[in-house]
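Here subunit A shows up in two complexes: once beside subunit B, once beside subunit C.
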Partner chain A sequence: MPSSREPTHTHSQKLGFCFSAFDQRISSASRPFGESELLIMQLTLEFGGGLELLCESIKIHEVDVNPKSGEDKLIMRDLLGWIKANIIKERPEMFMKGDSVRPGVLVLVNDCDWELSGNLDTSLEEKDVVVFISTLHGG
Partner chain B sequence: MEDSDEKKSRRGAGRVCSICNERKAALKRPKTLEQICRECFYTVFEDEIHRTIVDNHLFKPGERVAIGASGGKDSTVLAYVLSELNRRHNYGLDLFLLSVDEGITGYRDDSLETVKRNEIQYGLPLKIVSYKTMYGWTMDEIVKAIGLKNNCTFCGVFRRQALDRGAAVMKAEKLVTGHNADDMAETILLNILRGDIARLSRCTFITTGEDGPIPRCKPFKYTYEKEIVMYAYFKKLDYFSTECIYSPNAYRGFAREFIKDLERIRPRAILDIIRSGENFRISSSTKMPEQGTCERCGYISSQKLCKACVLLDGLNRGLPKLGIGRSRGRNNAKDEEHNKASSFQSKPCGALDI
Partner chain C sequence: MDSYNIPDTSDGIISEIEKLKAQKEALEDRIRFLQARLDETGPNSVKRDAFVVNGSCCPSFSLGNASTDNGLTPEMIYRYSRHLLLPNFGVEGQSKLSKSSILVVGAGGLGSPVALYLAACGAGCIGIVDSDIVEINNLHRQIIHKEEFVGQAKVKSAADACCSINSLVKLVEHNEALSPTNALEIVRKYDIVVDATDNLPSRYMISDCCVLLDKPLVSGAALGLEGQLTVYHHNGGPCYRCLFPTPPPTAACQRCSDSGVLGVVPGVIGCLQALEAIKIASAIGEPLAERMLIFDALSSRIRTVKIRGKSAQCIACGENARFTKETFQCFDYEEFTQSPMSDKARPKLSLIPESARISSHDYKEILDKGQPHILIDVRPAHHFKITALPNSMNIPLSILENKLPMIDSALKEVELASNEPACLYVVCRRGNDSQRAVQFLADNGFSSAKDIIGGLESWANNVDPKFPAY
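Take a look at the complex of A and B:
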């Protein structure tokens, strides 16, 4: 794993450019030396059904997420917090309610309903694709 | 690739489809809590809609049927599934898409593009009727004149008539809409919250307006929104999902959120609300509005003038408050009881006024 002084991950956008890339890179690049063992996980996040409007109309986000320090795995609960802080640009209440997604937002991990894998406790793995679709827009 | 296959099997271990017992489950059905795979989901989803259509005698062979199409998820899935079932089960229906152009820049013009793509994708003819040609006003112009209060009342009343008139022009014998089980539960709750007994008694009917020129029916009455969206996602159907720029939707929004919260705790709640709604019996001493026809345009109305004509009158005379709110007044001073039962009042976004 590269040293923590280097930006340890890239952050590309298929459909546009997202400034959260910089936010994330800066914040992790400025971490103190000791945390160089951070696990970085590459994920693809997809927002649909109107949720993309909350993140600058970008539907697909290729991101690198590091689990909370001291943790060696990433679960959906953590990912949602990370998304809220880094990806969602407006009206976060349309995406989350409490510590979960707002009821009516469907979540799929690798095209599988997260209700089958433990909802918030679903653990994520490298290169997972996480899809969020709002059912609350339009008819 | 090998990597992701391995990953899938690791995490997916033990969750096999409870129908075929073979493939990996892809979703949990809210209705039954079954864990099923994609292929079995397509089958049960389509079969249930077919059963609903057959058991409720929604169509007669050879009927010409307009599909109310907004470009949104429900009507897109409805158009897809209905044309599929029509072929598969030989309903013999003559289907076409019917869209209303409310004249909302940046919203309806975009969603109509989706409907135009659906026209080609599903091979269904498309007819678009517009508020501008039908009423002389676009929603943009109406909002400019009346502001953002009550605009959804205008839009809802106008859309309802526009669909009926469009269907009539196109010689349709039936109109189907994509209202789903979640919408239905929400409407039942709203009618209870408003004390709207007339609507409460008929909002659960799967077919309405059978005495009128064009009956309407709702093949998705028992279909969960979650499954509709999952179906559209898995099948990669092309739909439009932006909230109307004029829709504040406050009251309905609360009801919607409440239903979604209930669904998370107990998904069956949605079907149970529908069941409750279906089994309400309105006491025979409750006065119900009598259906007649509008003196001006001939549309069905329980008043002298239909709601659209009253609203239009207000717009054209620069009195846009006309016809808004409970006090109604001018049309019918003597029939106060009827007004209470049939009041439209400030119903936010009438798209779901079933």
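Take a look at the complex of A and C:
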């Protein structure tokens, strides 16, 4: 899978802060040769509350994802599959259950609970920020 | 008895008398105020009026003639003057706060700043529930407790600290664990509940209880270097079950006693919980209902996100909710969440046969007799750095699979040196991971592997009391 580090200033422009130690840009492995660049969607994925432990303790991932062939949009259902295949490095059952996230994980699309935007059917747009937070119980 | 400091000059005595007279006046004012409240409500129902609960703040709250009788004594006006100077808070805010009663569940890392701030700022009545005793390894984050209270009840220690900050506040000690059998009775007496507990079943239980009794719930959590905060069942917002209808798998429930927590992180969340409780009690601002605050200490980021509203399907607060007080009292929260109602309860694993285990005493004998063996410590590397048995070899459980050749050659080396067959022992912190390791080793050709029952904890308790416990 092609994976290369981007200069951090591109992230700092986008997110308003710099977080180089945790940044990683991953390109979609399955991009068909010659497909238009316009179909590639740039997203920011964040993992917290312990979920980052499933992806090599990296909390923020700047990624390029392409919608499934024949589709012109990307929905959360597809993104979860993509994340499971490309980002999650261990214990995938700690991230997903069935075709959704496991109980106890909050999913936020642009700082808003995905229950308010259609759950698995939430459509994603370029530059969206998708956050996965495992709920904490300690004190 | 207290011994009085008697000034040695007559001027000193005169000024001391003046000071005492002022204090006496303030106390008399307070007695008059309390007497008036008693007369208003009758002797058997000195119940705090529900003037803010559910956010339906009651503007007709009888402050009487606010300019002359705002419910604040001269002593209170002086003490809370900086609050009264806030245009958005002022006399109304302080007066409501001083008549509110707030229950803090848990006097630990979160509960410490909650109780301290609520006491300092003049909440009327603060209840504290906890059944734990103060331990020395609590003090790095549970800042309400002092060394002199180690070994004593947390509620006693917490109440003492609150009293020494503000003797005007009424403190109620509930020296017991909140459970489905006592929760309704305890929570009923308060206007607002603060969840400062450290475990999942308690979170479901407190939320259900607050729904049943219609109390707003200020819920905070902290672990490692992250914290979360929200207000449940308030202003039509969701309850805990709306957000998490199904509990997470137990493997996803990390605990401070296993995963660690930076002391100031629950401190930050606890302060914010106190703030939300004060906002609800005094009916100011926008409480954090239908929103969640997420704190990441490492990146110094606080983000507030919008969360779903009340769920119509919620079994606790939904349209067809069938959760009654009776179901609540019989509900097994530990069974439901598959986790214990205490951060301290240790799951005792029994994975391998007794013949594949030895006690810490037995291992001591093996050491003393100089029997050829190797000892593998399967804890994570950062645990190994804290403390370890001499001559133990650190191979964390997560990478054990890749290190089998290394174990094999280490065994052969010992056998070559001693000309005897060498044994393989495995140790961890408490004796659970070591069993998993022995099972894995046995499946991969190391049939003689044995684990030390109870791990390093047992070593410290039964063999070497000087071995550092953590």
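As a convention for this text, the second predicted complex is superposed on the first by the 97 of 139 C-alpha atoms of A that agree within 3 Å, B and C clash if a C-alpha of one lies under 4 Å from a C-alpha of the other, contacts with A are read in each partner's own complex, and residues count from 1 in each chain.
One rule holds in what follows: a residue touches a chain if its C-beta (ideal position, glycine included) is under 8 Å from a C-beta of that chain, and two chains touch if they have at least 3 such contacts.
Since we're looking at a predicted model, the values are computed, not measured.
Colleague: For A:125, decide between first (touching subunit B), second (touching subunit C), both and neither.
Modeller: Touch status of A:125: first partner only.
Colleague: Applying the touch criterion given at the start, work out whether A:73 contacts subunit B, subunit C, both or neither, answering first, second, both or neither.
Modeller: In the superposed model, A:73 contacts neither subunit B nor subunit C.
Colleague: For A:103, decide between first (touching subunit B), second (touching subunit C), both and neither.
Modeller: Touch partners of A:103: subunit B and subunit C.
Colleague: With both complexes superposed on chain A, which partner does A:117 reach: first (subunit B), second (subunit C), both or neither?
Modeller: first
Colleague: By the touch definition at the top of the document, which applies to A:48: first (subunit B), second (subunit C), both, or neither?
Modeller: Touch partners of A:48: subunit B and subunit C.
Colleague: In the overlaid three-chain picture, which partner chain does A:135 touch, first (subunit B) or second (subunit C), both, or neither?
Modeller: In the superposed model, A:135 contacts both subunit B and subunit C.
Colleague: Of all the subunit A residues, which ones make contact with subunit B and with subunit C?
Modeller: On subunit A, the residues that contact subunit B in one structure and subunit C in the other are 48-50, 102-104, 106, 108, 111-113, 115-116, 131, 133-139.
Colleague: Which of the residues in subunit B end up touching subunit A in this complex?
Modeller: The contact residues of subunit B facing subunit A are 3-4, 7-8, 11-12, 15, 24-28, 35, 70-75, 111, 178-180, 182-183, 225-226, 228-230, 233-234, 240-244, 256-257, 260-261, 263-264, 351-352.
Colleague: For subunit C, which residues are in contact with subunit A within the complex?
Modeller: Counting only subunit C, the residues touching subunit A are 106, 108-111, 196-200, 203, 220-224, 226-228, 243-249, 251-256, 259, 261, 266, 269, 292, 294, 296, 299, 301, 303-308, 343.
Colleague: Contact residues on subunit A for subunit B in the complex?
Modeller: 48-50, 53, 102-104, 106, 108, 110-113, 115-117, 123, 125-128, 131, 133-139
Colleague: Write out the stretch or stretches of subunit A touching subunit C in their complex.
Modeller: It comes out as residues 17, 19, 22, 48-50, 59, 91, 93-94, 102-106, 108, 111-113, 115-116, 131, 133-139.
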